[in-house]
Amino acid sequence: MSDDIMIFSIYIFVLAIFIGFEMITKVPPLLHTPLMSGSNAISGITVVGALLSTGAGKTQLATILGLLAVILATINVVGGFMVTDRMLHMFKKDKK
Amino acid sequence: MSDDIMIFSIYIFVLAIFIGFEMITKVPPLLHTPLMSGSNAISGITVVGALLSTGAGKTQLATILGLLAVILATINVVGGFMVTDRMLHMFKKDKK
Amino acid sequence: MATITSLFYLLSAVLFILGLKNLGSPKTARRGNALAMLAMLLAVIITLLDQRILDFTHIILGLVVGSAIGVYAAKKVQMTAMPQMVAIFNGFGGGASTLVATSEYFQLSGATEVNILATIALSILIGTVTFTGSFIAFAKLQGIMKGAPITFPGQRAFNGLIIVACIVLGVMFTRDPGNMTPLMVILGLAALLGVTSVIPIGGADMPVVISLLNSYSGLAAAATGFVISNNVLIIGGALVGASGLILTKIMCVAMNRSLGNVLFAAVGSDGGAASGGSGEQKQVTRYTADDAVMMLDNAQSVIIVPGYGLAVAQAQHVLQEMAQLLEANGLNVKYAIHPVAGRMPGHMNVLLAEANVSYEQLYEMDAINDDFQNTDIALIIGANDVVNPVARNKKDSALYGMPILNVDQARTVMIVKRSLSVGFAGEDNPLFYDDKTRMLFGDAKKMVTEIVQILKS
Amino acid sequence: MATITSLFYLLSAVLFILGLKNLGSPKTARRGNALAMLAMLLAVIITLLDQRILDFTHIILGLVVGSAIGVYAAKKVQMTAMPQMVAIFNGFGGGASTLVATSEYFQLSGATEVNILATIALSILIGTVTFTGSFIAFAKLQGIMKGAPITFPGQRAFNGLIIVACIVLGVMFTRDPGNMTPLMVILGLAALLGVTSVIPIGGADMPVVISLLNSYSGLAAAATGFVISNNVLIIGGALVGASGLILTKIMCVAMNRSLGNVLFAAVGSDGGAASGGSGEQKQVTRYTADDAVMMLDNAQSVIIVPGYGLAVAQAQHVLQEMAQLLEANGLNVKYAIHPVAGRMPGHMNVLLAEANVSYEQLYEMDAINDDFQNTDIALIIGANDVVNPVARNKKDSALYGMPILNVDQARTVMIVKRSLSVGFAGEDNPLFYDDKTRMLFGDAKKMVTEIVQILKS
Amino acid sequence: MKIGIPKEIENGETRVAVIPAMISGLINDGHEVHIETGAGETASFSDADYEKKGAKIEKNVEELYQNAEIAIKFQAPQMNEAVGKHEIDLLREGAMLLCSLPPATHETLIPKLRQHKTSCFAMEYIPRITKAQSMDVLSSMSTVAGYKAVLMAANQLGKFFPLLMTAAGTIPPATAFILGAGVAGLQAIATAKRLGAKVEAFDPRPVVKEQVESLGGHFVEMTMPEDAETQGGYAKQLSDEFLQKEREAIAARLPKVDALITTAQIFGKESPLLVTEEMVKLMQPGSVIIDLAAAEGGNCELTKANETIEKHGVTIIGAVNIARLIPVHASQMHSKNITTLLKHLLQNESLDFGDEITKGACITHEGEIINEMVKQNFS
Amino acid sequence: MKIGIPKEIENGETRVAVIPAMISGLINDGHEVHIETGAGETASFSDADYEKKGAKIEKNVEELYQNAEIAIKFQAPQMNEAVGKHEIDLLREGAMLLCSLPPATHETLIPKLRQHKTSCFAMEYIPRITKAQSMDVLSSMSTVAGYKAVLMAANQLGKFFPLLMTAAGTIPPATAFILGAGVAGLQAIATAKRLGAKVEAFDPRPVVKEQVESLGGHFVEMTMPEDAETQGGYAKQLSDEFLQKEREAIAARLPKVDALITTAQIFGKESPLLVTEEMVKLMQPGSVIIDLAAAEGGNCELTKANETIEKHGVTIIGAVNIARLIPVHASQMHSKNITTLLKHLLQNESLDFGDEITKGACITHEGEIINEMVKQNFS
């Protein structure tokens, strides 16, 4: 990774951090868990890295590790989003 | 400019746009003009480009254009920030 | 070295972000401005240390001349002329972007990527529209040019045509960068576009236009950033571009207009919302609850003048809540009760007692009339006749001879009512159009509730 | 091609941003989750189209297995076990980041820049801490492990030492990337750190810890993004890293704790705020005004039960405002007046009449006691004895034999009072500790005012 | 000038035309104030209180009148049995007299006033325009009467006004029904509301609905065959058709009404009949009617002016001049009204009959009838 | 069982022990209810109302008593002049009697009750515990009295209660001062506040401050030499030293007080003297004192029970039993209280003297004195 790209990546990182800070301002306590769960699912984006590692698998070891990574990350993503959805569903239950 | 850098620049641009959208949410009308003026001064950041153009001046024409650019941008920056400050001062006047 | 420079630019960008954020709220606005200044200073210093800069003479010349003019203008301008000053500064910013892009064009060497060329064209286009557009806005506000909309048939089609032409020319330019004619034509057309798109907009709508042009000048700076591959320009420009757009929208909402309506409807005239009398246009200053809170925040004393509208709106409870909050903020709060406020003797007393306003805070007219002159704000809630100055001097008025509350002696008068319509006696009230009066249009309960909410947050 | 890919990744990143934004507000949360899912899908699809991927077997295997487990777990988990489920998912995310970084390490070829190496080490460090830390949190919440804080002398120093060691090892690693020992030691130490930093934290504080670990897993993903130079990872990770931190702070504030206090004080025990009776710890559910509004938003009917505390707080006016807002939102609002609420016969009537509550909304005990069972929320404001169930069955109680309002038959009971202290009769109230009761601690006027504010915004 | 303030001689009158606090103002304006001994007694103002403010106490009423260039009274002049002379006859020739002069008294008094060339200004004839509000004694006394009527009703009723939910059962709120929402009616609405009653009201003037609601009262709607509001705040004699409809609408509410307060008056005319005997029977035993229009015939068929009667289980109070039951403040308000009028009259060297107020309030001057309305009625 | 409800014979009594609405409840519980003709008249309840609910009208009071296993009365038994016999003598031997039995009557009545083996339950001896609140007739009547006292004061005062800022000047609010903030005092505070007066109050029990303020009243602080609250809601006879200090503090406020309402009572004892004649002189002429403690000697030195006197320009109303001025609702509350007690007493086969309420309320049973306090006082 060239220095240039590194620098750009840092820019992007910093800007994204700012956005992350701004997005969440006032959250009612009942939403704390769903929000945590949803953003946790987002952090499963590491699945992209896992896919690349596995797919490009230059060594057996790397591929195995990648496979494991894909499994873990997928659980995180799929489970995370689903659980979040379930929780959010719950809040609507009383409105008939 | 390489494609890579172009892409990165676009990322940065998009993220910055997001931040710009998020920063301003509810502004009391009295602040409209100062805010406009302050952000206008920020747009004078083009002075950086002007400085580089002038200083690196490879041709006479470029240098002259650059000089003009420096002058205009500096007016924008200096005048803009000062005017904003004056306006903001005004709001505090009653508090003795 | 380049890495370090980049990181400092990043710091500058971060400061810009923080500055802008702080600028948006009354409490932190001044700090925001300071942060933005610091960011700018940092960016300039880093740039000056750039090894690509060979010659400092022009730079110093430019900085000195620019600063001198900027300082002079900023000091001289009158408070009331602020909007046009912002317009002209904004024009200079746009102009600078155009100049940098042009200068960069002349410094191009050898084969250049399409994207550089495209951004040069874009930068010139946007920068120039900003430049001429801002000057028209300035001219209209300053009275150099007629404030009323100037329209001609096919104006919008014409503007559309210019944009199409610019795109075509831009493509031509990227194909053959050596030929500078298309670029120069773009510049010319952009200059024209700036003019033709602003002249149909009325003087009263100018602030919105300036805000929009401000957003443009940010985008021009960002485009310039692409040209010279400088992230702080991209970020700073994008910030202004986006926040300017939001601000424009906010301003439109505050005027109860849509942006499309402002840009294309050609309805803006000289005044704000005007109405009332026969023929002649009188001007009122409209305030929102936010503005009112800002004024109250900076005041030390307020006298509340309730009238029949308070009773109709049944706003007594929330009014009392507001008064309590203001007192908690250190304001001196009194109620001035006019002897015939309302529709029966003691009407206001019944209401305010119900809301548990302490008797000690109520003052009859004679006891408080001399206090208005030392009071920051007279806050009139649903009263009209009892503060109508025609009672003092308009002999043929039904109110003539009735003593009124001297609210007009307070430093600022704020009036909450739903419209400019008359009170019981059916007399127009010139106080509404007074320079120191701000109208808070709306149902008294809703408006006071809004104020309470803002005071609490 | 790479450009197109990048732009799609950018789109994905934008969707993540929008998703996260929407997740933060009750009204849009579900849409937010959907947007985030879409973003993830997009990112995965783009990645699968990447030409660097040569072999799809493992990928498909992994996706299928992972999805199956994820779906199963998500469907099976009980609502009450949500926090631990999130913890375990989070751990997996962190684990994945570690694995990717390790895998990338093994795929390194030739001389590699320091920054790649450094981010590999960082990714492994953060990912592994998240992994083991999340599992401890899971174990504590699931009851596999004792919820109470586990401490040993020098714990904090020990943790500090681990971090220092990791930094040293990291530097060693970048100097000699061929030698994988330092990396493996980092991995081991990180695993230990995850354990030792979570065990001293009590079960009740676990949600905060999970939120913090969630923020970490975001940073781990971002670090991985640096490793493989992938912007969507950087952006997604950074978003989660930052928003997770903010959420953690918000959660601490809601618990009236500082983050430092949560992490290091080792005070968390099993219950929430508990008090009352002699010896035995009883648990109450605390609610904030925000929670209350969310419940009210989803309710159809509410019965308001005022008591002496309403009179002390003089909250009648704002209570009436709240009731009006709720009615405007379509709720069915009634007041239940207990015959001896307050301190004199008719005390509540005087108050509510003053606040202009219509007589039609007031119900005496006998007329309303059967309605509670069909009511979503019983909202008790400063009452205590008149809803105390000991009156029904505790023979030696001073209240025994007094008829009470059947608030406990409502679906949810919300009680506004300042503390768990007793009312006039001096009897503890078991209703406070009931499963369906939520306590809104605070002065009645302040609390209801807060609710009103939120209802309005 | 010399002002004389005699003691009110009307039977049951408790008020005094001018209270001690207002004397200083008169003296500052250059007047000399003489007041009959004991004039303020029934309103809790002693001779000493007046003397402290600079008034001279006069024991002899004949001398008081003889010396007075201006006489200020509350009630219309009448026979002074103690000295055996009519008050107008006690006046100096050409003196100025400020007092009440209700239409019913005109026939006997105006000839006397003309004869004595009295410049008589009657409080109830001050035009009810905005700038004259501070002289409007009708508003003042209506304010007192509206408040007092509710107190009387509440005091008379064998029930609570407010709703009370107690351990000894729930006491339902009383329903107060106010007919006519002028000054007195609005004050009654406000007072009844304060005491916690359910308040309903009706008035033929449509603008009044908003006013009633601004006080928390419920406005009873009825279909009206005609617009009932006229210039200047007076309601005109309404058509029989209208009154019939109105009575029907009222009758529909009466079974639920505990306290009925009627204030419907039409200046100078007999009050409209709003509640017939049949309608009274509809009310619950123990209910109360306060008829503030009693002096002009009453709004209720059974009303006897100045009497409290019980019929069909309903107590009917023919409330005449009940402002005198709050003598302190009724006198205070009257003083303010009448001294403001005096000040207005004397603001120029001589009386200015071009002025709307002066002309309107003046009944007789130098033997002529000045007020247009009175002049018309009288000829 | 057979219940008999005689007409109250006490002079001026307007209330009835049980109102028609409560009859059905008694009948549902298996009782037979006989009521003397005209018993409800003064409270606006007719014989027909009672008959509609299932009661039997009894013309002959002697028969009514003779048939009644349970007699329910409002007031304590007394000589029935019409039939020339004492009410206790009219009772059947061993009958149950529910009524009021204030301490002052004990000396004459208890021997008679013992002699007739009457099971007498006295309303004022029901322990004032939480679960007995619905039988607490002291609270009920205090509620009525507190409300009524303010109406009487407002009606008597020659001034407005509320503040009014009008074109005819500003009417300052009246100041009401309430001494003793028990049930009656609190109700008086609430009512005076509703009417718009400035309200001040004092009570030696420190918890009362918050209660006064919860009604918008201003609590007057005074330094107190001792804690004045005792078990069960009664204030004990306070020391002379305390009363002296209290009187000084009260005297300091009196010049500004328009309406003074005193409610300070100590159960079974003479009321504390809070306002001496000297202190009355400090009040403005025209002010009013309503002394709710009049029956037990009064809180004011000048109070004459059941009389309205004027002294030093101040009107002093010795208000005894003024709840009878709101007969409808006072009777309603009493009915609820007394029938709840009856139900409680009869809940088991036989009277359960282990029960706190039954034991406390019972004065005599089978010739013995049951209530401990009475027993002690009596021996």
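The first chain written gets the first letter, and so on, giving A, B, C, D, E and F; residue counts start at 1 in each chain.
Simple rule for what comes next: contacts are C-beta pairs under 8 Å (C-beta built on N, C-alpha and C of every residue); 3 or more make two chains touch, one makes a residue touch a chain.
Only a predicted model underlies this, so the values are computations on that prediction, with no experimental measurement involved.
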item	value
Touching subunit D and also subunit E, the following chains	C, F
Same or different residue numbers at the subunit C/subunit D copy interface, by half rule	same
Chain of greatest Cα-centre distance to subunit F	B
Intercentroid distance (Cα basis), subunit F paired with subunit E, Å	39
Whole-Å gap separating subunit C and subunit F, where each centre is the average of the chain's CA atoms	69
Subunit A and subunit D: spacing of chain centres that average the CA atoms, whole Å	18
Residues of subunit E whose C-beta touches two or more other chains	133-134, 139-140, 143, 162, 164, 166-169, 171, 194, 196, 216
For subunit A, residues contacting two or more additional chains	3-6, 8, 11-12, 14-16, 18-19, 23
Touching two or more other chains - residues of subunit D	13, 17, 231, 235, 314, 339-340, 345-346, 350, 354, 356
Chains that touch, pairwise	A-B, A-C, A-D, B-C, B-D, C-D, C-E, C-F, D-E, D-F, E-F
Subunit C residues touching subunit F - in the complex, by the definition given at the top	337-340, 345-346, 348-350, 353, 356, 359, 362, 364-365
Complex contact set, residues of subunit B against subunit A	4-5, 8-9, 11-12, 15-16, 18-19, 22-23
Subunit A residues within the subunit C interface of the complex	3-4, 6-8, 10-11, 14-15, 18
Touching residues on subunit E, where the partner in the complex is subunit F	14, 43-44, 46, 133-134, 136-137, 139-140, 143-144, 147, 151-152, 154-155, 157-160, 162, 164, 166-169, 171, 191, 194-196, 284-286, 313, 325-329, 332-334, 336-337
Partner subunit D, residues of subunit A touching it in the complex	1-3, 5-6, 9, 12-14, 16-21, 23-59, 61-63, 65-96
